[in-house]
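Once you scroll down, you'll see the structures, which are given as structure tokens.
Look for chain A in each of the two complexes below; its partner is chain B in the first and chain C in the second.
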Partner chain A sequence: MTSLAKPALSCSGLSVRYPNGSMPVRNVSFSVAAGECFALLGGSGTGKSTIARALLGLHGGGSRIGGSLQLDGVDMAQASKADWRRIRGHKIGFVAQNPWVSCDPLRPVGDHVAEAWRCHGLPVRWAEIVARLDRLGVPEAAVRIHAPPHTWSGGMLQRAAISAATALTPPILVADEPTSALDADRAQSVIQALKSAGSAILLISHDIDLVLRNADRIGVLDQGELVEVATPSDLRSRPRHPATKRLLAALAPLPPRRKATSPSPLIRLEAAGVSYKRGRIQALPATNLSIGAGEIVGLQGPSGSGKSTLLRLVMGLETPSTGTIWRDPILQRPGAILPVFQGPLASLVPHWPIWRSISEPLTARGQPRLSKQQLKARAAEAMQSVGLELVDPHARPAELSLGQCQRVAIARATITRPALIVADEPTSALDSPSIQHVSTLLRQAADHGAALLVVSHDQGLLARLADRTVTLDAKNLQATTSGHTQD
Partner chain B sequence: MTTSFTLTRPAPLPRQVPRRLLAKLWHHRSGRLGLILGLALCLFAMVGAVWTPADPNQPNYINALKPPQLAHPFGTDATGRDMFSRSLDAAHRSLGAATLVLAAVFVIGLLIGTTAGLLGGVVDTVLMRTADIAMTLPGLVLAFAVLGILGPGFLNLLLALIIADWAWYARLARSLSLNARHQPHVIAARLAGVPNWRIICGHILPDVALQLGIVASLALGGMIGAISGFSFLGLGVQPPHAEWGAMLSEARLYFTVALWLLIAPAGLIFLSVLSANLIGNALRDVAGAKDEQS
Partner chain C sequence: MGHGPEQVISSDQIKRRGGLMFAALIRLGQAALTALAACVIVFALLPLAPGDPANRVLLARGVETPTPAEIEATRVELGLYDPMPVQFINWLGNVMQGDFGLSFTSQASVTQEILERLPATLILLGLALGFSIVFSLSFALIAAGFRDRWPDHLIRIYTQIGAAFPTFVFALLALTFLIVGFQMGQVLADVTWQAALIPAFIIGLDRAASWTQLLRAGLLQAMASGYADVARTRGASEGRILLRHALPNAILPFLTAIGVSIGALIGGAPLIEAIFTWPGLGAYVLEALSARNYPVIQAYVLIAALSYVAAALLVDLAAILLDPRLRDPSK
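Our next item is the complex of A and B:
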């Protein structure tokens, strides 16, 4: 893989110092050979994006770059802004995280791609733009380039971004979390498009599954340092650094299911569908779904297939426009269904101490009245069960990491031992170690008797966590169930 | 319940971070400056309400238009009244009126807006159409109309400003409460079966009040300006009583020969607006700390 040809990108002893003196990146050395896909892997706050910005000369005004940074054989560590402007696009391309944010919503997509030539004073050849988009797998590119971004799907728009980034065939392409805004099935095809563009790739991601599948070599970042570089197979079989092992833990299988699922159904949707505006907008096609007591059901499907609407039906926040829902009487009592949401911060009251959020379900109707001291004690108990006993119960959510906030949300969702826990993308905002914590805790809750309905686009997570997975398909308007047994 | 697996135990935080809103403001650099300035101005206004070095309303024609000196730190006006005493005396009127009007529109807006947002239906329609009607007239024109009906006077001015402004706050409070209703933490509480009054008092009202308060605090500067403006036109505080805007109005006749007449009222208005804006900005910083990823 590593050829004798000069590397597309090499940096040695790279460090970034912020104006306040902190160093988010320290002494990082690696090189990317021509045509290679090199991945930088790390949890949040490990310096991934800082490295990406430094490599593109986009580090902020006050921060200083140390060490050497060679792009296609030219040292760029002390380059001026004007130098960088000439280099970007020619020698190094960039694909950003969220294609929607990186496009002006009022300009046609073709304009954004053409900008890659225009900003370097080169003539724009529309035929070539169309041909390139065609090659990357954008259907009807000749028509679509005149349409604004919102008419494109996320996957297609990211392809347009790739085509803009590789317009001048730079030897290296930096892609910072290029698929995190996309559905899982589209993510893989975008990565394929990225690789087919012909440049060497520096792929920056926290998604270990994606990286293991696609990278030629992987560098693991921990607290701003590059702690390990290995091929995917070596990394998987012989991880050396504790940080690598922590990341790999997210792929480890969960402990075997303790409880056999009982067949008695808890809730049954019979051809339940939701439509708005007198049937003109169909939010959820007629769907059959049954969740048994103590069962873990995964739910997946592309965006817009009605996953959220189905959850709202199950939670009783919405009534079906067609079909019926049968609920076990146990679900009628308040607090029998508790949710875990996607955004851990938004699901907690920002100015409440976390003990108050955790113990809130205990203050509901029908619960025995508890004093403040008793509530605090119960909250402390719940915090212990999610491994947060060292966190101050008086802390506010903003003082905790996102992963810890999600554990707080799980503590709240389990404190009254609900019959059903509904989790909407519970791990999508989290990094690998937190994903493992959260899925373990959800499994634990199910082992204690709660049924679990988990929506996620992370197929790996569902495969490890769920007893069976239901797929909502927007095209067929059908819910198909794929049962699969867990050891 | 014990854990059958290992979780990383987060270390306790090394430093106690401020958690109460006021403490957070105090730890915010511009917030602290604004608070100190605001407290100083409040103290100034309270002293002025009970004591002034000289009678603020007693003319002394021998002393007319004296530049600043030891006995008259801000000089004297055209009728020989001590400008320092007049500014001190005016503080509780100017500052008090602005805070009073804002507090009133804040409370009215909060109550009407959240009621409309949470109840919905006919109540929502009636309240919001009323607000729409109030909003179709420009605020100043509406205030002029009210003053025209009630006659000039300080209390009438306050009433006029409240009538001119409440609808904006009610509208804002309504949309904030609609938004708050769909917050995940509110849905979680609803599913848990937490009683409605508890959700409203614990989740929705504090959320709406905080955001509305940030807007109101940023509007304090404008409100002092508006009251000063009406007094400037002679529709607010009536002579001989002092008010910062009215003092500016009187000073404009003499400012080519006695520039010092502008110093005290303009400077105090400037400091009040500065203090309110500093606090408002700090409040937005410390309360709006929603650094959710992605």
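Our next item is the complex of A and C:
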């Protein structure tokens, strides 16, 4: 896509310097033509979000912007706060990651959209709001705009956010991970809505799959620098920079399974269901599920379909209201079922050194008593097995990246060689290279004989990782199983 | 508020309006139950108190050494042989008609005695409450609007001092400097709004300290939230975000704190009134406490408890009006 007109956005030699002197963004130059979808791709900590905030003038009082930053032909690098306030909404729009977080929970969604006009003192054109929402794929928009955000689904609410961001038809729209809070099946349609809204798009994402499918051009960020700009097909076929190659590795299939799964189940749910308040609230409809040793079972379904309840049932934290659960006696011993959680940082004790978190399952009842030195040695072993041998075992979780924290969590979950590992969205907080690393580790654990139940909304991940996937459907209240052909 | 588009009422909306009524009715029911429980406890003060109530009543009437016959007659008169639930219902019936019985010490109607002193207390406490709400609201908004600049620093010093010292320290200071030193106000106060100004100002300033802290923290949290950030990217000014988004979101915990402290305010009134020699209920209640004048204590405790229940109910209703998530029946 080429345009003879001035670019919607152009940066040259853009840098951001924090008050402490560090520079999270260095010498970044790119431009986005009218109507183009330009993606900035990079793992966590590569400066993506810092660039987004700088482009909107939200870089914070102490930070300094260097280089030039042109919005619709006007240089904003040294603009004042008042200048920025005037052009936001008019010259640049923004769509945030999580639509529920970005809406004031007390106000109806229509108000959220109308703010785009109101905060510039412009009259609100309700008919236009409704028409635009309608065009973006929000049915019954005239009625729905009166409802508060918590009654909206993520995909619909993100459409409303797109409508608000493009209300004043800004030439450029910055979208920072606009789909990562949404279910996978809704993500693509939201991207379509984003592209149909009429502005050029700067799409910021760590999701290489999403970016390859949707962007016209892709810029790869690594350690605050733009290391490569290419079209999706060039990037895929001829990646030049090592960082690009690392990102692409996330799309590569996992190595084939080493071990055939055992036919005898470790745990078997027979029409097990959970309901609360004497059956009035159904948390999980009657579900059949069996998991064998060494088997990886994926679990997916929309929010509210009972995924978490099913996990709690399997872990024995909840008893079924109907149906039965049969467990192999091996699952009765303490530490036989270990979890891996969604938020790696939240699942580690913040003031513990990581060796202590990793070795904690070894201190459970029924385990042989080990000295502190022995525990540290076992933790070091486990860290080596997840590729963290270069990390100080005495470090605290906050000193590690999210991907490293999740590997610590996996080291903890595998240290006692549990019979069953239950992972709840283990990769949703991670960037592409970390996702690849974590899924390889989970696969290894299964190859060593552990059964795995993995909940994820990332269908690509489940397709690569799981032997078969169970889908919980909120509407039919039925669990359907689909197998993956893997040879 | 702009004009909405043509109002289309869907079944969805009717359900939501029903949700509002339903949630309000639930809160009302809870408040009524709490009030009833408060009545039971207050009633129980009397039969659970040590000694024979008949003896105490007779003593109060000046009969120091009653005969068994007199005691018997008084017991029958007080209905002490009735089962406890019957006694409670009789008592509750009287209370609902505004009859708390006769004071043990003066033989006068407790209701009458309270009504004589209540307006003074209401004037002082009402004014103090008004002051503290106005102070804390404006201080918190100023502090959050000028975060980390001198108005914020000044207000934070005030909240620290206010929260660290008990009210009577400021009351004594005000008495010494403002009232005695500069002859503003009166030492022995008449019950007028003017006379209540300085004591109410002091109480309000003191109460407002912790509320300011609470509201400032809530406002700053809301100003750092995702929706505030997104409002900034739409071009909204900081002031607009503060008033339109941060204040409504931060005000619920603030209102709850106010509601909770209404009971404490009334319960603490005797101390405050003693310092300012304010002729309200305070001295009367203190005297009743030392004389174990149970009907008076009962009446006062019930007033404090019911005011608390009413305030909590108002806060709850405000909350469900303000926050749509609280009136959603599915949550």
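Throughout what follows, the second predicted complex is superposed on the first by the 487 of 487 C-alpha atoms of A that agree within 3 Å, B and C clash if a C-alpha of one lies under 4 Å from a C-alpha of the other, contacts with A are read in each partner's own complex, and residues count from 1 in each chain.
FYI, a residue touches a chain if its C-beta (ideal position, glycine included) is under 8 Å from a C-beta of that chain, and two chains touch if they have at least 3 such contacts.
Everything quoted here is computed from the prediction, not taken from an experiment.
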Quiz item: Which of the two partners, first being chain B and second being chain C, lies in contact with A:Ala398: first, second, both, or neither?
Solution: first
Quiz item: A:Thr231 contacts which: chain B (first), chain C (second), both, neither?
Solution: neither
Quiz item: Looking at the overlay, does A:Val101 come into contact with chain B only (first), chain C only (second), both, or neither?
Solution: second
Practice problem: Using the touch definition from the top, say if A:His150 reaches chain B (first), chain C (second), both or neither. | Solution: second
Self-check item: chain A residues touched - chain C or chain B, whichever exceeds
Solution: B
Practice problem: Based on the superposed arrangement, let me know which partner A:Asn27 touches: chain B (first), chain C (second), both, or neither? | Solution: neither
Exercise. Check the residue A:Gly93 against both partner chains and state whether it touches chain B (first), chain C (second), both, or neither.
Key: second
Practice problem: Identify the partner contact of A:Leu58: answer first if only chain B is touched, second if only chain C is, both if each is, neither if none is. | Solution: second
Quiz item: Which chain A residues are contacted by chain C in one complex and by chain B in the other?
Solution: 98
Exercise. Can you check the complex and tell me which residues of chain A touch chain B?
Key: 44, 98, 180-181, 255, 315-317, 333-335, 337-339, 341, 343, 345-351, 353, 357, 360-361, 363-367, 381, 384-392, 394-396, 398-402, 404, 409, 412-413, 416, 429, 433, 437, 440, 444, 448
Quiz item: For chain B, which residues count as touching chain A in their complex?
Solution: 1-5, 7-13, 17, 19, 21, 183-185, 187-195, 198, 202-203, 206-207, 210, 287, 289-294
Self-check item: chain C to chain A touching residues, read off their complex
Solution: 2-6, 8, 10, 12-13, 16, 225-227, 229-237, 240, 245, 248-249, 322-325, 328, 331
Self-check item: For the chain A and chain C complex, residues of the former touching the latter
Solution: 56, 58, 85-90, 92-94, 96, 98, 101-108, 110, 114-116, 118-120, 123-124, 126-127, 129-130, 140, 142-143, 145-148, 150-151, 161, 164-165
